[in-house]
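Each of the two complexes below includes chain A, the first together with chain B, the second together with chain C.
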Partner chain A sequence: MSGQGQRLNVVPTVTVLGVVKARLIGATKGHQLLKKKSDALTVQFRQILKRIVQAKETMGDSLKASSFSLTEAKYTAGDSIKYVVLENVGSATVKVRAKQDNVAGVKLPKFEYFTEAGETKNDLTGLARGGQQIQLCRSSFIKAVEVLVELASLQTSFLTLDEAIKTTNRRVNALENVVKPKLENTISYIKGELDELEREEFFRLKKIQGFKRREVEKQMLLNKKHAEVAALKQTASLNGGRGQSDNNLLQLEADADEDIIF
Partner chain B sequence: MYGFEALTFNIHGGYLEAIVRGHRGGLLTAVDYNNLCQCETLDDIKMHLSATEYGPYLQNEPSPLRTTTIVEKCTQKLVDEYKHMLTQATEPLSTFLEYITYGHMIDNIVLIVTGTLHERDVHELLEKCHPLGMFESIATLAVAQNMRELYRLVLVDTPLAPYFSECITSEDLDEMNIEIMRNTLYKAYLEDFYKFCKKLGGATSEIMCDLLSFEADRRAVNISINSIGTELTRDDRRKLFSNFGLLYPYGHEELALCEDFDQVRGVMEKYPTYNLIFAKLSYGESQMLDKAFYEEEVKRLCLAFEQQFHYAVFFAYVRLREQEIRNLMWISECVAQNQKSRIHDGIVYIF
Partner chain C sequence: MATNSALLAIIGDEDTVTGFLLAGVGNVDLRRKTNYLIVDDKTSVKTIEEAFKEFTAREDIAIILISQYVANMIRFVVDQFNKPLPAILEIPSKDHPYDPSQDSILARVKHMFSSDPSGPSSRY
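Take a look at the complex of A and B:
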């Protein structure tokens, strides 16, 4: 793909080859690990998604029920009961605490609610009318709040997990499609270059060998000739014949010429 | 003087009785309720109501209508009618009409006192008060920090002052005391109203005492049921019951001892009038008790219109209107929340 044909800008040497090979091994290992992480996250993600759907359905039901129980309370206790209850409230009784959960190295925020004891002073509200409905309304809204807190927790986990999965997948893909091909290309490039160098070297060596052999042969030939000339000269001087010596010289020259031509 | 009020009633009360009977004709009927139950949206309800007496009040409401707006406007209509009658009334009818609103007045005082304890803005609180229970010095309630001050600075000038004599003993105002205070006040109010009606005599006394007794008994039953499982002691519970009514005094003693709903039921079944109400409920079910009581109340209130020359019609009219507003609220909420299957659970047909 995008990494195809690309390679690292390195000097093609054996050492670098070793380094790059080590990097490729590292990248493959990393790719495997990240792939596993991504899979684990996806499994978790699917589970959360399922739970979110369930929570949303219950939320719809419980909110519907609780708002209708508010209507019932208003019906029996009068419209102004809303304000009476509101004015009676000092601080929140249901509070939310944030925790962290760890899934495959991803920190997921988790909310859990807890009730602060000793804050429920609405016991006697609507004593003369609709007290029971108010209590029912209260409990059904508490249930709704519980579902909402759970849903909030799931939703934040969902978002964080989504982000984490995206980055992990990006890394997996980057490793698979960019880094690894690049390293492989580099390795093949270096190997190619090294082979080339080797061939060149071999050829050079062969050439030099041939040259040397010829050189040696030539030297040997020359030596032979010199030896012959020397031998001739020796015989001529031994015979003392000029003409012969001239003849010999001519022949020698012709030989030398021949040699020059050759 | 029973029987003779017919001779003189119309001198002062005739005009207003005519008016109130006219208003009675404006109450929604079963046909109206059936139409309202067919509505799909709040705008449909508005359209149906525009053909009734509520029309002018809802006319200028912009379209995204809410239940609270409907309830508010309908209450506004009741308040306007009430104010009109109050300005036209002479003694003792004017006092009688004022008595009707004292219940709301108590609620408003309690609301403001609670709000002030939690340092809310007084003007914000005033908006939440019921318009029928407003009085001039209500905004100054915020200054009071304990019961004594509350009484000395503000309440001494209001008609509620005598009712405070009973609960003046509790020094500090916390949530528990306030709720008890509300009920003690209400008890004193009912007793005072009862006495006042007795004093008026004639058909007024006869009908009103019956209605108030029912109200007192209903409160006693509700307080018993609602205080089950709370910190309220038996003696405190007993103290909150009004000292009249069908249940007084033996029924009250028994109610004060009740520990669960079925015991309350056992006590109430001894009284033939209430036996009928409780017979409608299955065992262990207290949900529909309120509606059963509302139905019984409406039946009694409607009967008040059967006689002439008495003041109970005014009381009955205001109460019926309130019930009608409750019905409308129930219908609108059911329509708004898409709970049409429950729509008939809350409607008390008035005529």
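Take a look at the complex of A and C:
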């Protein structure tokens, strides 16, 4: 067979044919579903791509603004402000919370930023001078953090989706190009084998039929001969004469003919 | 994330880190371990690399902000890291303008977009 490697190694029977057909149906359905899933993921993916590009631009702008406001703060409050800030680090007030979004069975992590209630030591930073600039700087950095957290969740979704799409596509392709052809080949192989068997069976039956008919004809011929011979003998023994035997023979032949027709 | 609340980590130059600390991102735990690293001229690549690896290994960090020029110094480590969590974000710093083509994520985004007609015009 040409497609020996492309089919399952099965015994060609009707039962196995049924099983393989059921598997083919299952594979087709699975392929359809996975294709749909892949499409849904791709739609989501495209949206995320667009939003990532936008968010990256926003991030650039907001960070530029933050840097500038930090420079302003430094100018008014003096360069030593950074040491105060660095020394005052305690526990974080800005944190992120992770949520999960579900897109077609793929869990996408989603970050949400929140400020933990609690007084920061930085509230009093710059009390001596430049306090307002410092608070402005602070709020602009908080805004930057907001954008960055948004971007981070987009980026994480991007990576997760990318991976999920790859896996799904691999499965779709595997079903389409390996599993389905294999099952189809198996089905056609089994069908071919079954047809072959049927032909063989048919031929065998025909042969037997012909053989039987020949046997019957032979038997009939034999019977007829026997009957003729028996009749001849009978007439010969009854009349004893030769004159009438021809007549009787004719009669007998007619009878025998009738028998054959009958 | 077991605790459902996580920190941000920062690796960057002094100004960037100061700004984010001012916003309240900074955290110092009981063992005096910080969630930020200030990179200056004297900081060796090895130190940055170790800090990056430590931040990525920590459970309580969800996002790592890293200045792009610092990321370029340890590019091989950043590129090697391909887990979704924590998210690595390359941010521009004051002295170094942002170059999107160097961002390992954005490079991939651009690559995807290049086959998409609705994307930016930067086609290869």
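Rule of thumb we're sticking to: the second predicted complex is superposed on the first by the 216 of 262 C-alpha atoms of A that agree within 3 Å, B and C clash if a C-alpha of one lies under 4 Å from a C-alpha of the other, contacts with A are read in each partner's own complex, and residues count from 1 in each chain.
Going forward, a contact is a pair of C-beta atoms (placed from the backbone, for glycine too) under 8 Å apart; a residue touches a chain by one contact, two chains touch by 3 or more.
Worth saying up front: this structure is predicted, and the values here are computed from it rather than measured.
Q: Now for A:67: first (chain B), second (chain C), both, or neither, which partner does it touch?
A: Touch status of A:67: both partners.
Q: Given the touch rule stated above, what does A:90 touch, chain B (first), chain C (second), both, or neither?
A: both
Q: For the three-chain arrangement built by superposition, which of chain B and chain C touches the greater number of chain A residues?
A: Looking at chain A, the partner in contact with more of its residues is C.
Q: Tell me which partner A:155 touches in the superposition: chain B (first), chain C (second), both or neither.
A: The answer is second: A:155 touches chain C but not chain B.
Q: Once the shared chain is lined up, is A:107 touching chain B (first), chain C (second), both, or neither of them?
A: In the superposed model, A:107 contacts neither chain B nor chain C.
Q: For A:75, decide between first (touching chain B), second (touching chain C), both and neither.
A: first
Q: I'd like to know which partner A:170 touches here: chain B for first, chain C for second, both or neither.
A: Neither partner.
Q: In the overlaid three-chain picture, which partner chain does A:191 touch, first (chain B) or second (chain C), both, or neither?
A: neither
Q: Report for A:133: first if it touches chain B alone, second if chain C alone, otherwise both or neither.
A: first
Q: Could you pull out which residues of chain A sit against chain B in one structure and against chain C in the other?
A: 64, 67, 71, 89-90, 122, 125
Q: Okay, in this complex, where on chain C does chain A touch?
A: Touching chain A from chain C are residues 1, 4-8, 14-16, 18-28, 34-36, 38, 62-63, 65, 82, 84-85, 87-89, 91-94, 98, 100, 103, 105-106, 108-109, 112-113, 116, 118-120.
Q: Enumerate the contact residues on chain A facing chain C in the complex.
A: Result: residues 46, 49-50, 52-53, 56, 59-60, 63-64, 66-67, 70-71, 81-82, 85-86, 89-98, 109, 111, 114-116, 120, 122, 125, 134, 137-138, 141-142, 144-145, 148-149, 151-153, 155-156, 158-160, 162-163 of chain A touch chain C.
Q: Name, in rising order, each residue of chain A that touches chain B in their complex.
A: Going by the criterion above, the answer is residues 64, 67-68, 71-72, 74-76, 78-80, 83-84, 87-90, 121-133.
Q: Which positions of chain B touch chain A when the two form their complex?
A: Chain B reaches chain A through residues 68, 71, 75, 107, 110-111, 114-115, 117-118, 120, 125, 128-130, 174-176, 179-180, 182-183, 186, 219, 222-223, 225-227, 230-232, 240, 286-287, 290, 326, 329-330, 333-334, 337-339, 342, 346.
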